[in-house]
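In what comes next, chain A is part of two complexes: it sits with chain B in the first one and with chain C in the second one.
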Partner chain A sequence: MLSYLSKRLAMGLATILVATVAVTLLIHLVPGDPVQIMYAQSQGTTPEQLEEIRARLGLDQPIAVQYVQYLGRLLQGDMGVTIRGQQPVADLLMARLPNTLLLAFSAMAIAVAIGLPAGFWAASRRGTWVDSAVMMTAIAGVSIPHFWLGLVLMFWFAVDLGWLPVAGGGPLALVLPAMTLGLSNAAIVARMTRSSMIDVMEQDFVRTANAKGLPKAMVQSRHVLRSGLIPVVTMMGLQFTYMMGGAIVVENIFAWNGIGRLAIEAIFQRDYPVIQGFILVFATTVVVVMFLLDLVYALLDPRIRRS
Partner chain B sequence: MTANRLRQLGLGAVLGCAAASPLAAKDIVWARYGDIDTLDPHRATSTLSLQVWSLIYDTLLATDATGAPVPNLAESWEVSEDGLRYTFHLAEGVMCHDGTPLDANDVKYTVERAFDAQNPSVTQASWGPITAAEAVDPLTVKLTLSSPFVALIPFLADSFSSILCDTNAEAEGFGTSAAIGSGPWMLDSWTKGDRIVLSRNPAYVNHGKLAENPGAPYMDRLVVTTVPEPQTRLAGLKTGAIQIAEPPLDDVPALQESGELKIAIAENTGQNVFWEFALHRAPFDDQRVREAVARATDVDTALMLIYGDLSIPEQCPISRGVFGNDQEFCAAHRAQYDPEAAKALLAEAGGWGPDNPLEVNMLVWTGGKRDRLAEVFQAQLAEVGIKANIQMMDIGTMNARVRQENETPDGIGSMDMMTWSWYDPDILYALWHSPGAYRGYTSPELDAMLEKTRVLADPDERKAAVEDVMAYLLDKSIHVPLYTPGWEWVFAVRPEVEGFHVAPFVYPVFNDVKF
Partner chain C sequence: MPVLDVTGLSIAFGALPVVENLDLFIAKGETLALVGESGSGKSVSALSLMGLLPRGARRTGGRIRLGGTDITDLADREMRRLRGPRMGMIFQEPMTSLTPVLTIGRQMTEALAVHKGMTGPAARARAVEMLDAAGIPQPAARLAQYPHEFSGGMRQRVMIAMTLALEPELLIADEPTTALDVTVQAQILALMRQLARETGTSLLLITHDMGVVAEMADRVAVMRRGHLVETGTARDIFAAPAQGYTRDLLAAVPRMDGPLRRDPPPAADRSALAFRGIGRSFGARGLLSRRAGHRALDGIDLAVAPGETLALVGESGSGKSTLGRIGARLDLAHEGSVHVAGEEITGLRGAALRKARARVQMVFQDPFASLDPRFTAGATLAEPLAIHRGLSGKALRLAAGELMERVGLSAAMLDRLPHEFSGGQRQRIAIARALAPSPQVVIADEPTSALDVSVQAAILELLLGLQRDTGLAFLFITHDLAVVRRIAHRVAVLRGGRLMELGPAEAVMDRPQHPYTQALIAAAPVPDPGALRAPPVPPGPPAAAGPLHQTGAGHWVAG
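For the complex of A and B:
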């Protein structure tokens, strides 16, 4: 168990390092540098002065040198300052990360609360009209883009009915973005749960349980649900990381002040320290979530616990 | 017990909610697509930042409705004969937001901070060659220059030159959580990416800004929020959560028709949208081909199709609101729409025509319906025998690409729909004086003409020098003006809101707003 977890942890750290290196290289491949963009459209600054500013920001160094310097500062806990506005990157990211996590967790809760029972219901009524109806709805849910669903929900609940705010912060303003992100993921959870449950229902041990006369409810809850949940939990981990990413679109629609929106702005402005900081925080979050999932996985499945 | 705790938590959440959404019924909420970079006017250049600085800080000079500089914090000023010394006389009784008087020392502090050896302002160059700032007495400040620089006066009317109170030096978090100015609005808080909350400055006296209200703003608070998605801004306008915002451009005609929201359009923005070309290589090294593009482009029709009456054609390389702009003068030099002449030019230059089209790339900045406008231009160019491949990209990428194209000796022709704005004809110096903003056109002849526009203090002489430059650029079809304004210039306003207007160079003014 311990070696299993420490192996996972080491892999997680490696993942974070690879992600930051890859992003540092990739962002420098995009044409345009932050200084040029900062002065775009409105400035009468001479090219020599632009060079001077680049030098002051360390942007005239080779990428490898820039990255090593960045790592050096990072090890001292310094994520640098933004190129635009010269503000500490760590403060910016940490102010926004909780918003994105809150959104992703709420959406996940909605997805599970709807998707899990729906999938389970469909599986237990396999081949009936219930099954067809749930799966049809799920296909529709998967196919609807976040962007469209978000605007429809907004115009319905915020503009027409006036029940919820259009955008902004606070608990009420969380409802629409979390619904938008949660509903389409509920569809995925439902589909996954159904197929996983059906797989389990066809297993020998379930047939045995049924044959020895256990009540159906007991078979379903103790045997089918428990083993059927394992792949669903794994998938939910991936799902959660997708939601962190998918949150970027939803954050934009609902002006939710999350980390994804910060990243988009930073990419357009080539604000390298912010982009690097974002990837670092994002990758770390994903690794932590995956690690926690491995723990849950081990708890659910005795075979992993023992190995 | 558990139920009790839950109830307490629930109550807490409700209270937390009230605290987290501090929008009172009578706040002005202005939603924009993006946030400021910083509250420190020496650390950024974006329009989004400038607009907010103009609310918090005041400037020595201001602009009138035509864009010309007028007195503001400085009631009057003198320039020495050699153009090297500027003396400004400050208005009496101006107070900083922290209660200290605004005097010559604050101006001196601002200028010296902009020229700080370790960390100068990112717009240091626009201040000109200032070598010293001196507080002669509390209400007199003198700036010394190493060489004449006439663009200093319009610069001092722009928020790039916002006057910072010298108490900012000791203020903790200046630029992020503190910003002490003397403008009509005081900073309450800034949550980056979300909102800037401003409250009215009760001590504000308007000395020259474009507002009817002589004193403090009527409304108690102004909340500047960031809402990136246009449809969300529209939804907010409809529910009343937002009073003022840029609407989705496609919805503007319907909004105008229904009268559901008022539409305010910024005038004299200084924004210039124009064709420019990779001039160092074929085919655009040939003046005839550039002129053919100018003559093939029917700006009036294209604008009417895409923007209706929201934007207008521009004849000059520097747009309305900027010193030296003269539609008639420029129209006489700019190659006008004439597709037959365009066909003849193309045939003469390389035997190109509708049956044997010239293939070029057309770079266009995404957003503001420019993709659709570019398609209209593409169709117009195709009619005379130019096959333009539209390439859409964000402005950062486009700036880099244009420079790249200028530095590449071969490849198919490259033209781009460029967009610049500035408050002074000095913009032409930045764009076209060697080596040029994008390493584009360079000529010693043009360089000499541009240098003259920087030093001539007499307005008539300077205007003539600016006209020489514009005539040169237009005659050779180097800078082919298309239209103005072109980005973030349309505001939708709730019907009950009165007194909102936009000053030249897209500075919204909230001093007169009431509802």
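For the complex of A and C:
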């Protein structure tokens, strides 16, 4: 168990390290002079000023030196300052990150709360109209893009009915973006749960449980559900990454003040330090969530826990 | 009144009838063996008694009475009340029959709670008592363990303990020892016999193994293609089978007292395949850990002469398949070298390796898995013919047709897909594919273990014929000692990755020197209900075997 977790932890840290390399190289992968591009829109910057900015960003140093310097600053919690306004990037991101996490976790909760029972229900009524109805709905759910579903929900619940705010902050404003993100993911969770449960229901050990004469509900909840959850949990890790990606789109639709919205603004303004910081924070979040899921995985599967 | 009384049972998969008009009865305390080859409908009949038919199958007729009660039309909820306390079932695959995410204790006590109202310490005490009776050491401590912490034989003991804890009147055992090693099988059968006798449980034993039938059954029912062919006492069925099919079935069973192979191997001063000092370890070779890992093979020296069959015998985990794979360069040895016709192939790469591979070919156990389901027989054969013999067009087609005929099939079958062939025919195609590059050595890994006995005999005959015609060398990997008698010139006994005994088949089979070989031979079931049986002797832990020393002409024993 400990060696399993320490291995996972080491892999997570390695992933973050790779992200820092990518982030350092990012500036140089853009064709042309990044400093010129960053300041292309601002009038009247003199060549001396550009040189000075270049020196301030460390871009006049060899890449290896840049990387080491970047890593050194990062370890002190310094992600640089924004090009415009000279605000510390770390503070900016940390102020927004809770909003994005709130959105992503709420959406995940909605996805699991709807998708898991729906998939399980469909599996236990395999081949009946219940199964078909759940799966048809799921296919529709997967097929609808976030931005469209978001706009439709906004139109119905905010504009037409006026029950919820169109955009902004606060708990009420969270409902629509979380629903948008959660519903389409609920469809994916439902499909995955159904196929995993059906797999398990055909296993020999379920036959054994039935041969022991256990009540059907006990066979389903104790023997099928727990084993069937293992692949679903694995998949939820991947799903969370998509969810974080989806959050960027949804945040922009509903003007939700998360890091996704910040990132889009930064990209339009060519604010490299912010983009770099965003990528790093995003990657770290994904790594942390994956690690937490590995813990859940170990709790569900004794073969991992006992190794 | 019989414990089980089945009349006119019929079962269908969709519109296809698989069992028709089956009559069975079992008296109290009696053991009935239901025998038949694959597809005879024996397993599906048993599942139908339990109300556990798989999706798509349904009962189309007949009545089932359990202890006088008609249970034919009971609803699922009522069947669940009978399953467990009235009739229990043990399955073939102990590795997959227990829920991996629940402890053994939980799985045993949950059924006690449901059916007997036993909970807490009472249920645990009952579970411990049953595990102890089933021969599981330290049962109290093992309750907290998960299935993956038990070996296959131990899991089957758990299944038996779990099922008999509910004291069913009828125990149905579907091929309970087929997946187990022969020494473990002997112990499990003895355990079932003993527990059934002590509790007065009736036993419906489903098996394809006539040796197991002879050891266990009071009466026998023979099934073929969904029909009951013959039924009678075990003694009568073995002594005087009335039906032709039963006679054929019994005649095809390889026997431990059957004749040995008579024709001597052609004299040869060189070897077709030779292993020198082969060692191989598995596991624990990570970046962080430098543990030695598990020694799968250790210092193996073996050689097979042209035209000779060397049988490599051992139980699961003995390293016999690993050695076979190393011989075909499908796996690499960590120590030692492999030689084919005098040439070392151990370190070969690229084109030289491909050329060497043509000379050593493999045939695998499962002909359903070893053929590509999307390749016709012709396409399967064409690949090696084109690559190793450079054939194309008409010549290739002709050569493929010839191969089909050599293995007893016809050239007209070249365009068929694997699912259009029977198991035996598929194994013939696998053999033809192995012959395609004109090898000098064929390594056959349990090539008949997945086949019915009648088919098995025909495949062995085919291999013997091919060897007579072409002087092929065979390394024949098997766990079945009766098969060894039919086919081997020499026998090598492997245990825990080391050679225990090596010698002429006659010497090893009839005068085994090593205690392990003796235990192995004693454990093999004999298809004769009258045979006197010594209680099974567990083979004991693998002793640190010493180097081989000679005890007779070409007969070597470790110790």
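The rule is simple: the second predicted complex is superposed on the first by the 266 of 307 C-alpha atoms of A that agree within 3 Å, B and C clash if a C-alpha of one lies under 4 Å from a C-alpha of the other, contacts with A are read in each partner's own complex, and residues count from 1 in each chain.
Just so it is clear, a residue touches a chain if its C-beta (ideal position, glycine included) is under 8 Å from a C-beta of that chain, and two chains touch if they have at least 3 such contacts.
Being a predicted model, the structure only gives us computed values, none of them experimental.
Contacts of A:301 after superposition on the shared chain: chain C is touched, whereas chain B is not. If you count the residues of chain A touched by chain B and by chain C, you find the higher number for B. By the touch criterion defined above, A:92 lies against chain B but remains apart from chain C after alignment on the C-alpha atoms of chain A. Using the contact criterion defined above for the overlaid structures, shared-chain residue A:209 touches chain C, although it does not reach chain B. Look at A:53: by the touch rule set out above, it reaches chain B but stays clear of chain C. Residue overlap on chain A between the chain B contacts of one complex and the chain C contacts of the other is empty. Residue ranges on chain B touching chain A, taken from their complex, read 13, 16-17, 20-21, 31, 34-38, 40, 43-47, 119, 122-126, 151, 175-176, 191-194, 225-229, 231-232, 235-236, 238-239, 241-242, 394-397, 399-401, 403-404, 419-422, 426-427, 429-430, 435. Interface residues of chain A facing chain C in the complex, by the touch rule stated above, are 203-216, 218, 222-223, 226-227, 230, 300-303, 306. Across the complex, chain A is touched by residues 50, 52, 76-77, 79-85, 88-89, 91, 93, 96-103, 110-111, 114-115, 146, 148-149, 159, 162-163, 166 of chain C.
Contacts from chain A toward chain B in the complex involve residues 30-33, 36-47, 49, 53, 56, 82, 84-87, 92, 95-96, 151, 154-155, 158-159, 162, 165-173, 252-255, 257, 261-262, 265, 268-270.
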